[in-house]
Amino acid sequence: MTSQSVPILIVETLTKRFGGLIAVDQMSFDVREHEVMGIIGPNGSGKSTTMNLISGALKATSGTIRLKERELTAMPAHKIARLGIARTFQLVRVLPDLTAIENVVAGAAFAHKPRWGAEARAFAVALLERLDLGGKQDLPVGSLTYIDQKRLELARALASEPEVLLLDEWLAGLNPSELKIGIDLIASLRDEGRTVILVEHVMDAIRSLCDRCVVMNSGRKIAEGTPAAVLSDREVIRAYLGDG
Amino acid sequence: MDRRSVLRAACTWAAAAGIGALAVTSALAEDTVKIGVVSHKTGPLAGGEAVTHTPNIEMWVKQVNDRGGLKVDGGQKKIELIDYDDKTNPAEHIKAVQRLATQDKVDFMLSPYGTGFNVAAAPIYAKYGYPLIAVSAITDKIPELASRFPNMFFTLGSTTGFVEGARDTLVGLRDAGVIGNRIAMVNVADAFGIELADVARPMLTEAGFEIVYDKSYPLGTPDLSPIIKGAKAAEPDAFVAWSYPPDTFGLTEQAIIEDLDVNAYYTAVATAFPAFSAKFGSKIEGNLGAGGVNPDTPAMQAYREEHKAVTGKEPDYWASATYYASLQILEQAIEGVGTLDRQAVIDYIKTHTFDTVIGPVSFDENNNSERYWSVGQWRDGVFRAVADTGMGDSVKPVAKDGWN
Amino acid sequence: MDILISGLLLGGTYALIAMGLNLQYGVARIMNLANGEMLVLGGLAAFWLFVADGLSPIATVFLVAPLAFAGNWLIYRLLIRPLVRRAKTQGQLDVDSILSTFGMSFIFVGLMVTIHGEYFTYSYLADPFSILGTTVAVNRLVAFIAAVAIGAAICFWLYRTQSGTAVRAVSVSTEAAGLVGINVERVSAFAFAIGGAVTAVGGTLISTFITLDASMGVIFTMKALIIVIMGGVGDIRGAIIAALLLGLVETAVATIIDPGLTLVAAYVIFLSVLLFRPQGLFGRRAS
Amino acid sequence: MSRGEAIGLMLAIIVVAVAAVLPLILDGYWLSVALTAMMYVALATSWTLFSGPTRYLSLATGAFFGIGGYLVGLGMSDYGLSFWLMAAIAPVVATALALLIGLATLRLSGVYFVIFTLGLAEMIRNLVSWIQNNFLGSRGLYVLTDFTDADIYWMLLAVSVAIFALGWWINRSRLGFALRIIGSDEEVAKHVGIDTAWSKVVLFMVTGFFAALIGALVAPRYSYIEPNVVFSPELSFIVVVMALLGGIHRLWGPLVGVIPFTLIWEGITISFPNYTTLFLGFSFLLIVYFLPHGVVGLMQSLVRRVGR
């Protein structure tokens, strides 16, 4: 399904400096509608920074990010969210003072396709059921297990019916059995035709989930293509194993 | 929270609430005259209150009780003083006055310290028919306040009278050739200072003075040296500061350091405090300031000795004596009426003349006593009145001759 | 020249007011609203001993410093530490310390009023002294020199000694400091006590030229808070520079524009520093 | 309307009805206690509207309150304007000011925001004094009206009811929900599409509006306005203390904090007239150490205990 889709998110020569450090250097790639796109690379290669630039958590030093025809580069995070980009965080961030269902409603109430009141609740209940959190909707989030918190965060992101979903190491920290559940969940999102950008370390997930991948090292894109292709790329292997 | 901490919390709460309940039911003996006062024990005005009001109340209560009490209802009743702290907060003040009137049902109340507090409390005194003999209140609204609150009396003069005293002093010094026309004037940027400066500006200009430096400074300014430097640079003949206690001290210290060479140097509140001369010693010889008294009358001399003996402190040379006089007026009015009938006491105050430490006091149709000293001058360790309204016993002001 | 010298002297006074709170908030993380009362207490001691025994305030400094140190150490151990232990977040600790030190400030005021309810005013070294043609008061000069000495001593301690390094480590991160084996509670108690001692000594010196009274502490607390925040939490150099800056600005405004605007100008400076550098002059940017 | 809400509404109506008839029953003293309590209920509750959900502790209450009292004094005393006109203008001025402050303080968080608001209040006070001194001149700001304590009490009651109604409405609205999310995690709030800055500013304006309105309504009680009294930093602190004491995560938290606190304050004033400040200090400490979660926390744990 990849080839015939149009690009929905276009990143061009994106650069982010922190003082003298260049975290993201001249990154360019695009994401097509209904595809799952992976961003991989060693630790500190700039993957999360790229995500933060797209979601508006950080401001780019130069370069552009466009969603369809809208330029996102200088926008504050809440406007980007309203245009339809939703995300999860590298370290899970649920809202500790709210119940599970309120967490999901939080995702629905303000963003891309706002829902409020009974409609939002019904929508949130359905999402929780969909993510196997049915029956836990009124629990304080502190009492949820780690994977349930991850699910809840995903539900919050999905609640806005995003155009593009950013998953920042969503699978990190799960044990093997949870990991399988997690991968199946993302696979089901893909099957629904959602557009997803996935930052991951878990290579099994990349192989089984991604249509295409971008590989980063030291802030630069060093490879792009299908998972099978990039993972056999010599430069990619060197980047992962080191120069020695 | 575990069980113990819940219990503990509940106990604390109950104990604290109990304190309140306890005090409400405190029983009082019947054969006393209950006199209430709400004072500022802490907060911005506490320092002034502690100098001018509190020792006088202590002394007066002791004197009256030592002689057996107030003569009322054909016998003698001792005074029982009820005293609350308002932390210099008007809302607390009003509440405490209400409490004195309706819970403690005191027979009489003494006046509070500060113009704002007298005005804020006046409606309650009026509502319950208490005479309010205001002392530490200087206002130009005397007629309006008196018509609103017919129970309110004024003893320390109006803003205009207060400034007129300063003007007359300066005019006198100019006529004597001591100073020229150039005046440097500063004021503290708070209600009192702003009001005085606003009255003084046209009044001094009209009297032919030229105000060569005219600045305000905020309350609590830590370094007043730029003001004295600025005033000095304007080369004035006289320096006038409508100041509050901390800045009266601060300005004078800076004036000494900068050697502000003027032949007339005036500061307002606290110049009359004993602490002022204790701090500066002989250096303030010839300093002018708000207040002043005639220290030569036997009544005043006896008062000052008694004050020192009873309270261990010297009274100030301004409102202390007037505040004591207000207590004497109340005392004489109550004994003159012979009962605790407050309306009768108010009428008695309106219609009689009282013999007090500051001389005979009576009130005009605006409940105002037009007899007060307005400007004093330090002479050999005594702060003598050099300007007054209706007193007629002020001495002539002299030149200030350097800071030695 | 006048402005520069008078401004620096005033800045020295402000440094005396703020350095103690900087240690208390920067290191021990206690927003101490009773700071001003501690300062006034130092002033009261000076006044009391001067009037009763003729003791010079300079001598009082050496009496006040150990007493205030001990007193503040006890306050930390008995009253503050339980709050630190139960607080889960810095926000919670801020709330608790605001409430408890506000209570303490009332207690201090209440105690001081019973000792001396009138103004603490006396005259000590109120003599002129000429520096480069500018007349200054000797007592202010003494306070300035003391401020410089105390500031230098604290900086030396923080940046040149091992125990000082531990203190700075705690001010950067209590967690990390704990991980490398620093006894965070002890360091905090120590910093709090030193801070209290510095504040009280400052009060002793300031009382020689500013007329204090028992209720005046809140004015100094506010000034100290503003200087500490303007300098950046946890950086003593920032506090000192902020203090000097405030002193210069206030004096310049008073001399050139209008003394009535000094405090307005001070707050304008404070507010604009925060607007352009939300973490203060030397503060670390919150991550 | 759910059953719980119906009970809540009934309870609220009863409380308001009781509060409304109090001036007819109480004598002067207890009325003035009730009035003071009502003032703090209104101030602390409106403060909590902003600071409760966002956890931004504002010390600007004194500034807004002062603007209210000061403008009433200025308008009535120096320009002969009516009390009602000034009481209407003052909150508008304060709201505009809150807008400016809000826009300026967006970047600040935590203790920097706290001290910023404190500094701001002080700056306004000094600026006002200076302007009055140099441009307006004044013979004292008198607010002489015929209002009785009961009138002022009823006005404050009406304001309190309005604050509660507004607070209830906000809590149910998207705005209130947004604020809870902001208080919980501001970063997440932005990423779910909340304009965090604007939400905070709007609520800050609401608190500013009410604090000024309350200041204006209370001014006749003071009769004489001094900038240094109405722009009181102590008021800012006391409002914070009372709100925290009650609990800031419930709309009615400040209410259950203010009432016992006012009574304790009275008890101390009466019992220790010479040591009022000292004992108030002790009571603060006791509260901090033994009521760590405020009155609301105490009530909730009691309810839980009974329910078990």
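Side notes on the structure shown:
A, B, C and D are the chain letters, set down in written order, and residue numbers restart from 1 in every chain.
Here is the rule we use: contacts are C-beta pairs under 8 Å (C-beta built on N, C-alpha and C of every residue); 3 or more make two chains touch, one makes a residue touch a chain.
Since the structure is predicted, the reported quantities are computational estimates derived from the model, not experimental observations.
By the document's definition of touch, common neighbours of subunit A and subunit C comprise D.
Innermost chain of the displayed assembly, by C-alpha centre distance to the whole-protein C-alpha centre, is D. Of all chains, the one whose Cα centroid sits at the greatest distance from that of subunit C is A.
The geometric centre of subunit A is 73 Å away from that of subunit B, both derived from CA atoms.
Centre-to-centre separation of subunit B and subunit C, using mean CA positions: 34 Å.
Centroids of subunit B and subunit D (each the mean of its C-alpha atoms) stand 34 Å apart. Across the assembly, subunit A contributes no residue that touches 2 or more other chains.
Within subunit D, residues 126, 129-130, 133-134, 234, 274, 276-277, 283, 287, 292 each touch two or more of the remaining chains. Shared contact sites, meaning residues of subunit C that touch two or more other chains, fall at 109-110, 113, 258, 260, 263-264. Chain contact topology: the protein chains form a pattern that is neither a line, a ring, a star nor a complete graph. The complete set of chain-chain contacts reads A-D, B-C, B-D, C-D. Taken together, the subunit C residues at the contact with subunit D in this complex read 25, 31, 33, 79, 82-83, 86, 90-91, 94-96, 98-100, 102-111, 113-114, 218, 222, 225-226, 229, 233, 258, 260-261, 263-264, 267-268, 270-271, 274-275, 278-280, 286. For subunit D in complex with subunit A, the touching residues are 174, 177-178, 180-181, 183-185, 187-196.
Touching subunit D in their complex are the following residues of subunit B: 1, 3, 5-6, 8-10, 12-13, 16-24, 41-42, 44, 82-85, 87-92, 94-96, 98-99, 101-103, 115-116, 119-120, 122-124, 127-128, 139-141, 144, 148, 159, 187, 189-195, 197-199, 216, 218-219.
On the side of subunit C, the complex with subunit B involves touching residues 2, 6, 9-10, 13-14, 109-110, 113, 117-119, 121-123, 126-128, 135-137, 140, 209-216, 219, 247, 250-251, 254-255, 258-260, 262-264.
Of all residues in subunit A, those touching subunit D in their complex are 55-57, 76-79, 81-82, 86-87, 89, 93, 95-98, 102, 105-107, 109-112, 114, 116, 156, 160.
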